[in-house]
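What follows is a pair of complexes built around chain A, which joins chain B in one and chain C in the other.
Coming up: the complex of A and B.
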């Protein structure tokens, strides 16, 4: 009976009532486990670059400006908020925040730049042990990226050499 | 029949043409076949042994074996067996007999490796460009290892236009897509229409081909790929995430801990619940029944919330890494999920009771977009499209993975083969998914979430994995490689096979049924060469040319 089914359908609608939420006028709460924009804590970061090595979108760049200062830059342009950086961070310096309304027309709004004072051996850069051997495989040494041009260099090396990583970049070693 | 018996069957028939074989376990068979006999072997498997065609893969294996490799994958669904027929081709002139004349479902896959890997085909029935963009020069094959991942060929022609076939005599061409209101992704169908009746069509798709496979082979690493894989599909992303992880795990004989397997099962079923409810809503929207569209999506919303609570996101759960999962299901979530399932089941039962007798929907969907068993066999159709025609296949039962071998569920089938049957199958599968999740919550053991991986993953191993996505079987083929990334990763999403059947499903039907026929396979699509604007006050119309539109878009 089609008429009966129409009545049933009406009942389904009436029972549900109004369910629309007042978004975007009012944003609802998000759960504890929510994966929003990652926030980097410079006080906790030890500059191991584990996040940079594990970022699937390659949005975290690392470069050393001198023996003591390492720059870690999070670009956030195509970051998918997957949370791998927070997973592998040994010092819990990265938290996945609950921010999700991050649309902006100025890309600098989401960028984060950490200047880290390094006291560890710069040549090996080994400050942490990765949680699983699969991740250990990957980190032969830290990457040396082109921060000025916001570009990542995916060749990782056991240690820095003066040989150019890509054609137009040369690394000055003391 | 086990993998070994199948192999013996092949050896008996073809003798020395079967050069060697790998049998990793009872459920996988990799046979290396002499290239000249490859077509005969595939024909024998498909026609006489009644195997289901899955996918064909081409790859540039020169860094390892100095040759090209082609693989045709088949499935024996009753024997829980996935097999792959491989053949090495010479590096200087890779050419192979096309199996498409014998196995029609191989049509796209063969054209794809011809373009992307540059393996020439002998005797392909329709060797027209499929994947590469219109302006891409011939002779540059992006999946070859010597082509860098970020290279745009110097002679790429921005202004090139695709040459379409001529329509049959007496037919008018009606363009459908690339951007069509009822579809979510760009695909272009050129429909040949006679009066109101569709007589045929030409398909031009792959407009959002993103080269994920190439990225995986050259830039990403094993554990980066699952997070890219789930972006293959916005609706069944977790399926690709799990399929990839399982393909690598089977390749290197790694087993995730039991708790991880149960969590994978739960998340896959949560995804199926949301996808089926979404689809039922969309299908109703396409036929103009917006009441059910709204109600179905209302019932679906709490599923998105629980997924967000478990994984941190409504979609793209970022669930798997190789050897395990990243998110646990806590006792609180367990309680909440149980309540949610009870409520969902109650509400959905009311909707199903109302809809299943609704004459209006049935008028629009019965006898529309029919795919019969012969078509399903020849093109290798899968998922609800196959089950709606009474073809009883479901990877969850036929090729068990994760924890599906430890739960009890029914495979829903119907007999009509039309859009209505697909609605019925999907509506009822929701109840089975609820049952599966309940059993998983009951049986899930405590334990670690990730297996420990003591050694480097060995290169050169082959892995196959099939996962039943909401819209059919998703199949991944992986060859492990060096530098911590796969040597080749081939993804076959379910729509890849199902979309090939659309021209047959819409033939000799009303033009107005096109959208729901297409919608019934649950695809993704869109596209516009021209746009017309109408000034509402004066009624004057202005047609925008493609060049003007491009200028408008690129202005910023």
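Coming up: the complex of A and C.
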């Protein structure tokens, strides 16, 4: 009786088959939505340091070594791969790769360092601040030209009547 | 050198001891996942033991915390002499997302010497197996520190002195790359 049950157990075990993944020899597929370590692209980075101010683990350090060179260093020790740096990057210079094989014996191996030239004013040679987001909206995205009245109209106010719109505008064409 | 030492010392099998010094349990679950039939690490002779006195390797999860610092150090001292410490997860590698909290001392390397780091929050079971495989010398590590440098100024510098007027057209003679 017990021998029969052992045979039955063997059959069950044989039917289950082999489920062990042959991992270190042969890598399996990574899920589409998996976020691995971020990869920084120096060619696209403009050095705005938005990633550094958004990183919840404070793992991206930014320092200006001189007037024109800014160093951006990703340490990655306590990075949780949340992807907020990639989210906030305006130039899409950070991509969350699907690379997870980052085991190392020295923690400095997962460091990435960008040395960037920062643009300076061509007349005075100093760095200049960009226009604020509100000013940028005013400058390009948010208005259209009203040819009939020879005025600029902000698009947020374009549903208003022409008289009301004219009262709001303080910018004149040259 | 460390790899040669590992191969000499741990040639047959690693017995791992699993120490959580205040993590969120995510890495523990991934380590347990490594021991399931899907990622069967007993292929490599790795076995989970319940006492640090039987262990060769301590898997540290969670940051070094004020309340568990002494216990972690005592567990490390209880392990017999050729011993390795693996830091698994972002907390153990660098202090975790609450690195500046009052109860967190920092990475576990502040308390015990760490030999291998497996970053990730939590690391995939494959990543843990990869770290162990790097440690026993089955595969090579893939990461290296990266430095990108912009060698040229991306925008040409403008010199007003180089403007040359020729009739109606004003020509800018040289655009110097910095």
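Here is the rule we go by: the second predicted complex is superposed on the first by the 102 of 174 C-alpha atoms of A that agree within 3 Å, B and C clash if a C-alpha of one lies under 4 Å from a C-alpha of the other, contacts with A are read in each partner's own complex, and residues count from 1 in each chain.
Following the convention adopted for this analysis, contacts are C-beta pairs under 8 Å (C-beta built on N, C-alpha and C of every residue); 3 or more make two chains touch, one makes a residue touch a chain.
From a predicted model like this one, the values you see are computed outputs, not experimental measurements.
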item	value
Touched partner set for A:83, first chain B, second chain C, both or neither	first
Which of chain B and chain C A:54 touches, first, second, both or neither	first
Chain B versus chain C as contact partner of A:19, first or second or both or neither	both
Residues of chain A touched, compared between chain B and chain C (which is higher)	C
Which superposed partner A:27 touches (first chain B, second chain C, both, neither)	second
First, second, both or neither for A:5, with chain B first and chain C second	first
Touched partner set for A:40, first chain B, second chain C, both or neither	second
Chain A residues contacted in one complex by chain B, in the other by chain C	19, 34, 56, 58, 80-82
Chain A-facing residues of chain B, complex	219-225, 227-228, 231, 291-292, 294-295, 298, 301, 305, 308-313, 316, 318, 321-323, 326-327, 347, 350-351, 353-360, 450, 452-457, 484
Interfacial residue positions of chain C with respect to chain A in the complex	2, 37-40, 43, 90-91, 93-97, 99-100, 107, 109, 115-121, 123-124, 126-131, 133-135, 138-139, 141-150, 152-155, 157-158, 160, 178
Contact footprint of chain B on chain A as seen in their complex	1-2, 4-6, 8-9, 11-13, 16, 19, 30-31, 33-35, 54-56, 58, 80-84, 87, 96, 132-135, 137-138, 154
Contacting residues of chain A [partner chain C, same complex]	19-21, 23-24, 27-28, 34, 37, 40-43, 56-59, 68, 75-82, 99-117, 119, 122-123
